[in-house]
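Both complexes shown next keep subunit A, but they swap its partner, so subunit B is in the first and subunit C is in the second.
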Partner chain A sequence: MAFKNYLLVCGGTACDSSKGIELTDELRKEIDAAGLKDDVQIVRTGCLGFCEKGPIVKVLPEDTFYVSVKPEDAKELVQEHLVKGRIVDRLLYNHEQGKSLVTVEGIDFYQKQFRIVLRNCGVIDPDKIDDYIARDGYAGLEKALFEMTPEQVIDEVSRSGLRGRGGAGFPTGKKWSFAAAQPKGEKYMVCNADEGDPGAYMDRSTLEGDPHSVLEAMAIAGYAIGASKGYIYIRAEYPLAIRRLETAIEAAREYGLLGEKILNSDFDFDIELRLGAGAFVCGEETALLASIEGNRGMPRPRPPFPAVKGLWDKPTVINNVETLANIPVIISKGADWFNKIGTADTRGTKVFALTGKVNNTGLIEVPMGTTLREIIFEIGGGIKDGREFKAAQTGGPSGGIIPREFLDTPIDFGSLSKIGSIMGSGGLIVMDDTDCIIDIAKFYLEFTVDESCGKCSPCRIGGRKLQNYLSRISDGRGQLKDIENMQKISEAMTRASLCGLGQTASNPVQSSLKYFMDEYLEHINDRKCRAGKCKKLITYTITDKCIGCTVCTRHCPVAAITGTVKEKHVINQARCIKCGICYEKCKFDAITRS
Partner chain B sequence: MSNTKQNTNNDKVEITPDLKLFIDEWKDKPGNLIMVLHRVQETYGYIPRSITFDVAALLEVPLAKIYGVLTFYNFFKTEKPGRNIIQVCMGTACYLRGGDDIMEELEKQLGIGVNGTTKDNEFSLEAVRCLGCCGLAPVVVINGDVHGKISSNDVAGLLKTYREKESVTA
Partner chain C sequence: MAKLTLDDLRKMRAEKKQIMALRDSENKDVHIVVGMGTCGIAAGAKATFGAIVDAIAEKGLTNVMVRQTGCMGLCYSEPTVEVVVPGMPPIIYGNVTPEVANEIVEEHVLGKRLLDNLICDKPAIDIMDNKGN
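And then the complex of A and B:
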């Protein structure tokens, strides 16, 4: 390690999309031009998490943390920091506020975070297996193969209290022991990387930033249950993650960490990728297996559970990416270490994709038991544009809407289900007072209706009915009895649907009915949408404050506003499409929305 | 939508040697159909009808099964897309930050609906599931380039840029 400085440039999808690749090229060019080629190494890392302020560049060994770095900043960064050793103040976090922070210490976003799953994201070059090994990578596999029996591995995972991070929270050790208990023979280890929840990208970032952690975990699991073949089922929409996985698998084979006789032991294990094709239901395990088998991804009744009869009718364990990323650490550091983190209900950490109306969007990892308030107001930096917090939504289309009174609930699997939501895979979406609860519930129902595979009627028909009721209410045609009907349908769907998709599809409706009944009643009785989102319920009118400046007339896309200069204007309600442009453009507050 | 072109997926398309090789390689692996369809779409940009006949013959699976699978998954396209493919993210974060307004504006300016292609074959419009860059919401992807934090006002400029780009690399 002869380099004087290391530049860690975030190579996550969000940073890459904000010209991260051009930035890296520019940095390389400037470093060459400054003659520092042998002194400075650029490392393209996985997601550093702080997507709001990307692209991010971290300079080691000083740990200087630069945010929103543009390709044109490369020259200054290289000349000032690397040549002259002076920090570029204007690229530091909080520079605009005059309170520049040089390192991540002190940045609220990184306080309270604790990284197990993302331990290597933003630290190593994901395309280099040596980087992973240097950070104790594959030490867990080595320990499992040479110091532990398969039973001991399962026991260690069971004692760690690890629960599946895909959403349902089933104890991982238990799942493994079911499959291990099946008679010897062909068994399979499957990684579920079909991250379909809208607003969630934890698994993608893990795979992009640290692919080897998942490969190592799959090999450990394979050893524990007696499988010699693994599949990673990954969304085709994640090309970067696919490419990094392919590179990682190749490298692991070369190093003898995958393939026959791993590390010269008697254990054989190899991994193949299978691509999803855009079906949300394939996140459900039996549907996922059907898809790997090359069929339509439709679920089947359980039991038999996949641990008994899974892929090609052989015993199969299916674990989610985040669950697996915990495994190498649990094995190398031990269950007792893992057990100290989190709550009694759920051990360990949870990765969330924090998005929506929050100042710092990004990827975060916190110990279980952290409260929503800490996540949204401390890590997330509060609500965007100084607006008011209205609700948070976890678990995507299968989750519930959580109102402000539960902001202080410590988050784990148990507490979230108690308040009518679910942990889900980790999407955490924040809403403010301009978001309408009915509109959000409708958005999720549209999603689940679209993604329902159609096999069982509670989901296929129930979902559509719920969506119709919600549309009606949002259009101002709702009736009081709709609420009762929605409750009945929701209950039927939960009880009678074949798989998790249908069973949880009504959660957004049930939780919003529970906590935001007043908004439903307002829409139905008063034909009013307080957030101003339900377009059919809004009317824009021009008041006497109008001075006739004609700005609104010029911006109206449908020429619905008429009036002469310096006289009060009028909106033709029949033509108005309620786009709200006039409301935003008026400088005199002369347009009201009701 | 008046500007949407008619079904064009009846053209006879020749199977490429690469694709044939890929199918041979995967022929005996269980569960190969989806992987083969992915390769077909990678090769042609969509799944041409005539190729499905070839796939059926080469893999020895009924055409009905191929269409059953192909129409189940959103990712597979049965229509040839336009020269520029516009994908509007309809994930929750993008929706909350105005993704539907962007979609509306695109539909208006292009005169086509979702999944439509303009008559001049310049643009196809698609609504896609979460792209996983929610920090940049709302997001539009054109030919694989991600454009983040855009507003309805940016739409005209974006379309102009891509219309003027001579050729695009797939």
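And then the complex of A and C:
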């Protein structure tokens, strides 16, 4: 026999530390006292993603969401909600603001996430076209083909306010209208699934979880611009996504949703996959086109833009996976529906790959205008190990480092560029006080220097120079004038590079110089790295607190520590590789880092 | 399957909606859904999937349908598994090792008790259930 109610009590770290365990005990006691033992099951859960308002209690099946529940509240909760069936208003989220929420379907939603792009991920079987169709799949294509003209489709997309999610945020409707305006004839629709940012996997997950949404969108776009052929450019490193796409294309052809005379209309459209070898620069649209044509993936100057002269010099629209995944919903639910979500600057949602020092790493989708604080502290469950938030990086190697004073900035294309970062494709990396800003900037520069195609000198030479300066500073050989030089080089790269890679490569340097100058100065003037990351700037020493327990000796990977049992140990500085293991292992605080 | 016409597609959508609403024609009223994105598979979702199928066979259950799906977004707790049993709220479990998978079949599906300490929250509201659909 099933229980009547289930009480989910959050057992995440944050909730536990605000008396979550006592609360669970109290609730159990009260339930026993009320004689509900056989009717109600108490279950402890993982973090419910609302740590700032912990402890959280959720009552199922009603789905009532109680916040900041104290052990003293247990009795009222059990008596009122479980015995009498009345909701305890004062414990609901947002009660203070006078707009309490009861359930998910309520006026507002307590869950911060809102899934348009990921609407089917984690819901349908991606290998089953029937599953997709059951969730209103191909309803957008159906509507476009039978109820709308190509102009109306473009108009709908324009009015929705959708901006490209591949990084630059170009209005999608406008891009389509450029290609549509070109004389009739061969045109192409290309999906950019290159996704080269380190730490980003939004597009991969979308393709793996819901491949048909992208196929449907490409067909709609093809109809709108007058193309009958589409290509998906995807990196060969994504085998699962490729396999699922192949299955999906096959199934769509079989159902007549791709191929000739789609659904018996006059519209023909088919899609082929093109596998990329995985160079970051091949995500840039002109390099991507060169790569599809079988040439080396190098950018070329624009104009002419691909919408005018693209694949084999024919008009071509290139859209990102996430941009496309929005399209079927925009067409089937309408621009007015989409328009209500997000901010005036950017409509809709954004998918982020949340990684780094947060408790709940994962793939999230939030309405534009959500703040970093909400993402990191509510959805992300706060910083790992209860440490201090230091900075967040959006936009990967092309983005900027965002310090804590901007935690409450509502995120959209405009606001992020105002604070010196970019939306990018959606990597979001969270750093804590053990991360060194110079080390981070160096990591990204190493990446862009490696990935630069070398065609133009500002990027090729400037990037290398910046990387050298950063290495010098992190090695303790930095000079004050390096900072000025780095600023000059950064500006030159932004202004003079041919493609987005070089133009944005200095963003991590520029933003960190702007917000974390004190850390640069500390490295240069005091030869000090506060995070303990810059190895050349730190020494580990064993002090008199050492009781000779030998733990450090056993853990040192390079046998740099010597000493006899119960006597003070010493570190051979010449051998030490500054891994910090001994520092962490010593139970007596006898090892210092300076 | 022959190529669809507009009417076929519409008819099919209406039919399949019922199946998605878990009123399966084959009388499988319990659904177990395993997240099989790259993240899930890397964390061992294939073994989990196998363990669930084995446990169901071993207990001789005929009313359980096991499906795969993409990433649910809860990558920190992969492999993730959603369990839907009639009369019980739908639940997502995280960190489902093959052992936990056995427990899910034993405790949740057969015993109708939720497992402690393994539940994750549904990450977002579903736009398909919203008005406007």
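Brief remarks on what is shown
Basically, the second predicted complex is superposed on the first by the 484 of 594 C-alpha atoms of A that agree within 3 Å, B and C clash if a C-alpha of one lies under 4 Å from a C-alpha of the other, contacts with A are read in each partner's own complex, and residues count from 1 in each chain.
In the analysis below, a contact is a pair of C-beta atoms (placed from the backbone, for glycine too) under 8 Å apart; a residue touches a chain by one contact, two chains touch by 3 or more.
Please read all numbers here as calculations on a predicted model, not as lab measurements.
Within the superposed three-chain arrangement, the count of touched residues of subunit A is higher for C, of the candidates subunit B and subunit C.
Once the two complexes are laid over each other on the shared chain, residue contacts for A:Gly362 go to subunit B and to subunit C alike. Of the two partner chains placed by superposition, only subunit B is touched by A:Gln393; subunit C is not. By the document's definition of touching, both partners, subunit B and subunit C, reach A:Arg204.
By the document's definition of touching, of the two partners only subunit C reaches A:Glu254; subunit B does not. Of the two partner chains placed around the shared chain by superposition, subunit B is the only one that A:Phe443 touches, whereas subunit C remains out of contact. In the superposed model, A:Gly85 lies in contact with neither subunit B nor subunit C. By the document's definition of touching, of the two partners only subunit C reaches A:Asp136; subunit B does not.
Once both structures are placed on chain A, subunit A residues 201, 204-205, 238, 361-362 are touched by subunit B and, in the other complex, by subunit C. Across the interface of their complex, subunit A is touched by residues 1-6, 9-10, 12-13, 16-17, 19-20, 35, 37-39, 41, 67-77, 80, 82, 85, 87-89, 94, 112-130, 132-133 of subunit C.
The part of subunit A that touches subunit B in the complex is made up of residues 13-14, 16-18, 51-52, 54, 195-201, 204-205, 236-238, 274-280, 291-297, 312, 353, 355-357, 361-362, 393, 396, 427, 429, 431, 435, 443-444, 453.
Against subunit A, the residues of subunit B that register as touching in their complex are 30-35, 37-38, 68-69, 72-76, 90-93, 95-97, 128-137, 139, 146-148. Residue ranges on subunit A touching subunit C, taken from their complex, read 1-3, 6, 8, 11, 41, 43-46, 48-49, 58, 60-61, 63, 104-105, 109, 111, 113-116, 118-127, 130-131, 133-139, 142, 146, 201, 204-205, 208-210, 238, 240-241, 254-257, 259, 263-264, 329, 333, 337, 359-365.
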